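What follows is a group of structures, each given as structure tokens.
What follows is a pair of complexes built around chain A, which joins chain B in one and chain C in the other.
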Partner chain A sequence: MTRNRNMKIASVAAFLAIVFIAVPAAISGSGRFDLYYTLTSVALLSIASAGVWLTFYIGRINIGQGAYALMGGYVSAILVMNYGWSFWLTLPVAGLFCAAASVLIGLPILRLRGVYFAMVTLVLTEVARLLALALPITNGAKGIVSIPLPGALSVFGLTIIPDFATLQNSRLAFYLLAVTLMVVCFGVMYRLVNSRIGKLCQSLQQNEELASSIGVNIASLRIIAYAVSSFFGGVAGAIFAAISQSIYPSSFTVTDSVNFMLNCFLGGLGYVFGPMLGTLVLYFGWDLLFQTGQFQLLIYSGLMIVLMLVLPNGLLSLAASIRKKA
Partner chain B sequence: MEQVIANGLYLGAQYALIALGLTLIFALMNVLNFAHGQMYVLGGFITYTVYGQLGLPFVVALLASGVTLAVIGALMEKFLFRTVIRRSHREESTMLLAAATAFFFDAVILLLFGEKQRGVPKIVKGVFNEAGIIMPYDRMVVGVLAIVFIAAFVLYMQYSRVGRAMRALAQDRVAAQLMGVRVDRYSMIGFAMGAMLAGVVGGLLVTITGVNSGIGGPISIKAFLMVMIGGAGVVGGAIAGGFILGMMESVGLTVLREYGDITYLVIFAALMVFLSIRPNGLMGKPWG
Partner chain C sequence: MAEMLEVSGITKRFGGLVAVNNISFSVREKEILSVIGPNGAGKSTLFKLISSFLKPTTGEVRLKGERISGMAPHIAARKGVVRTFQETTIFKNMSVRDNVVIAHHLRSKAGLLGFFLGTGAAKADEVAFGASADEILALLGLSSLANETARNLPHGHLRALGIAIGLATDPSILLLDEPFAGMNHDETMRMVAMVRRLRDLGLTILLVEHDMPAVMKISDRIVVLNFGQKIAEGTPSEIQANEKVIEAYLGSEDEAIGL
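Entry: the complex of A and B
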């Protein structure tokens, strides 16, 4: 048991060392600074995907994460631009706003199951896009542009995070921000899944009636899981808006929502770190295939089909089956 | 007023035909076919090639669309979906496969037919203009054809041997198997028929709205809407959902015109309210 525990601590430490030290060192060594942007995107997308994974964990197929990412992006952008808030304050507010919205939306739609929930959340993504086009505050199709970079964050006069605009390398700053949040997010997820609530969520995934009949409050559990999921989506969207310094109704569309879901599937629905791996593989796979030009989508989707045929339970199921054999 | 109803009926007929294919596949396999819109586009492009480019009769083109898509559908079921359903722990995994095939079709269509909007010559010329209704004849022909196809489909499902087997399969897969229904075979036929319907509608509508490689996704979303309104996996529900959406679109475009482009926003919002009251649509089976 202790050996197992030591293994876990060692692998977490190794992971932290890789993302915080090895990757920046390798990038500055090789001079491929564009990779920062790619890796930042991966980190943020994996946060949003982690939210989707959590809804999978309670047995719901969520294709609506794009809606919350868009919402979070707009909340942050509007607060910064129209009300002059600091970005760091808008970040949790965007998350909480999305969580609150998801409670309101979730109350009716979480009663739906299976494909009904999947399709309603898909529609939700469209609703968010159309709302962003129609509402006056979101500035329609023109979107909100030239959002300032995140300013300095100081507590009691002590500067914790410097002003991004004064930094020489704001890419590195964004990378560190995104990766830190990703680590926190997956830490929370791991804790959540291995807690009492996690076990209860698993019972929901298997049989809601049965869980309900032995006294599990399924309605509130569903809402909690969905709210946490949307919180992640909102935070990821808010940082995306800050990095690109702009947000449009088309920043997150149905395709993004579907991709979040695919990330989870690809990594493996049974594994907490599945969405992280899935996002990494899908995003990098897509980037690598860029050289193939017009055949990019063909090869990408072809590979995805093959992968699905060979490993229908996700990439991490491969590791699990190896461990079983050993 | 009459114009609005006529437009709604015309839209409804074509929508219902799209939704039928989707709901058939869902009923038999529990697979949400994300690639349905792409199949529609492919059908449209095949008719465009055969009728518009090669100059063969329209009926031949429509037939070519239907048959090609049926073959594609059958192959997809046999080699992709069946395998994944067998190997996967969770049946949702088919959604990844369906989404991947949707991307795949998008890529293939883009490579084969390019990104231009394509149209074909009208099948019937002239415009009907009486009793306050203006409607081009070709739209009427397409609407009537769509209704004929729907009727044929319903009759086939109701009275043929294959249709009976598929209905049994949709009701209870295991029971159907125990009664000696060859489940694999009829799943394949069902998938082929669903794909064929998508192809046929694509072929029909290319004569009116034309086709381009980007409309697959939006068509899929519309089809999902109709299926949700009517209830997933129910033939009657798909038809009802199609006509309801057609009517709502037609009425919405007229009534809400002065408020800008918000018809679909209103439809979506109405749908969410409706689904929170009736989670399984008008006549869906529970827990989809």
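Entry: the complex of A and C
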């Protein structure tokens, strides 16, 4: 028991040391500063994917996370540009806005199951894109551009985060921001899944009728899980808008929604950290295949199919089975 | 004896079909009452009405005097009416013990946020539920299978697990939907003994069943349905002698009623 606990603490410490110390050190040593952007993307995409994973955990195939990422991006951009809000305030507000929207959207659609829920969420991403094109406040196809970098964040006159525009290396700053949020996000997810809430979610996934008859309020638990999921999507989208200093209707599309889902499949639906690993592997895998040119998509899709046939429970099931043998 | 559950004038229509037609009866505290009837008689529908999975067209169900019909199923469960399922429904991918632990959810004092933060109340719940789950597993002879994944259990044990899940919710009345279906003679007799033991522990039990010999053995009273209507009510011996019941089961009457 304590040994297990020590192992966990050691793994977490090692992980933190890698992402906060080793990776920045390696990047500045090698001069490959572009990797900051890549890894920041991975961290943010894994936050959005974590949300999708949570909806899987209550037994729903969610192909609509792109809609909330887009929504979060626009909410933050509009509040910064039109109302002069600080980015740091828009970040939680974007998340909460998406969570609130997902409650309204979820109330009717979370009754659906299986392929029906999946189809509706898929359409949701497209609806979000069309809305962004049509609404006056989102500025149509031209999108919102020249968003200023995040300003300083100070509490009681104490500057906690410096103004990104004054930094020499804003790429490092965004990397640290994204990774910090990723760590918090997965910490929350880990806690959710390993507390009774996780068991309640599993009970929904495995048998909603029975869950209901043992007194689980399935409707409200579904909504809560979906709201948390969408919160993550919105936060990720808001940071993306801040990094690229722009947001367009096509910033998040159906393809992104599908990728969020694939990240979860690849990493493993039974493992909290599945979406993180899945996002990392898919993101770099796709880039590595770039050299194969016109065959990129074909090889990529083929590999995905093979992987899912060979490892239906995701990459992390490999580690679990090795640990079991040892 | 006090009345635990009261079904009064309950009717359920599906379009033009009257699946349950103006049925009234009551279940007394600490008795085993069985509802029997040929296929399509409306037993499962009646069951769902009592457990609030269906809303009655007219009529009502009262538990200890409080109206429960028309509420959401999880509310009815909270009030103390808990059903286990015909299709041996369980949480397939959880361990046997986790199935029973999670079923204690109704009794939890901590809320969702408390569980997330791991408050004292949440930890106390956790310990209490674990202890109670172990007790229930022992009662139903499942202790040695506690860590088995539920889907790997043999048929008879699955049924017992379904009942264990029901018990964990600490019900006022436990509804069993065809607890003996698909069981051989020995398994049935063991299940009969178990259900009686639960009653002796103070539980009130309402069951819907096909297996006549088992029903005759286990029940204190029996309600017979046919074509959605109640055609008889009484003790097993009264039911066995009832003309209408024999008629309803005509064709295979002697064997079917367990004479």
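Throughout what follows, the second predicted complex is superposed on the first by the 326 of 326 C-alpha atoms of A that agree within 3 Å, B and C clash if a C-alpha of one lies under 4 Å from a C-alpha of the other, contacts with A are read in each partner's own complex, and residues count from 1 in each chain.
Just so it is clear, a residue touches a chain if its C-beta (ideal position, glycine included) is under 8 Å from a C-beta of that chain, and two chains touch if they have at least 3 such contacts.
Fair warning: this is a prediction, and the values are worked out from it, not measured in the lab.
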{"item": "Superposed partners chain B and chain C on chain A - clash or fit", "value": "fit"}
{"item": "When both partners are placed on the shared chain, which of chain B and chain C touches more of chain A", "value": "B"}
{"item": "Touched partner set for A:Arg32, first chain B, second chain C, both or neither", "value": "neither"}
{"item": "Touched partner set for A:Lys8, first chain B, second chain C, both or neither", "value": "neither"}
{"item": "Contacts of A:Arg191 with chain B and chain C, given as first, second, both or neither", "value": "second"}
{"item": "Cα-centre angle that chain B and chain C span when viewed from chain A, reported as a multiple of 10 degrees", "value": "70"}
{"item": "Which of chain B and chain C A:Ala118 touches, first, second, both or neither", "value": "first"}
{"item": "First (chain B), second (chain C), both or neither touched by A:Val254", "value": "first"}
{"item": "Minimum C-alpha spacing, chains overlaid - chain B and chain C, in Å", "value": "10"}
{"item": "On chain A, positions contacted by chain B and by chain C", "value": "none"}
{"item": "For the chain A and chain B complex, residues of the former touching the latter", "value": "56, 61, 105, 108-109, 111-116, 118-120, 122-124, 126-127, 130-131, 133-134, 254-255, 258, 261-262, 265-266, 269-270, 294-298, 300-302, 304-305, 308-309, 312-313"}
{"item": "Chain A partner contacts - residues on chain C that touch it in the complex", "value": "51, 53, 72-74, 77-78, 82-85, 89-94, 98, 101-103, 105-106, 108, 112, 115-116, 118, 122, 125-126, 165, 168-169"}
{"item": "Residue ranges of chain A touching chain C (in the complex, touch as defined)", "value": "191-192, 195-197, 199-200, 202-203, 206-207, 209-210, 212-218, 224"}
{"item": "Touching residues on chain B, where the partner in the complex is chain A", "value": "26, 32, 34, 80, 83-84, 87-90, 92-93, 95-97, 99-101, 103-104, 106-108, 110-111, 217, 221, 224-225, 227-228, 232, 260-262, 264-265, 268-269, 271-273, 275-276, 279-281, 284, 287-288"}
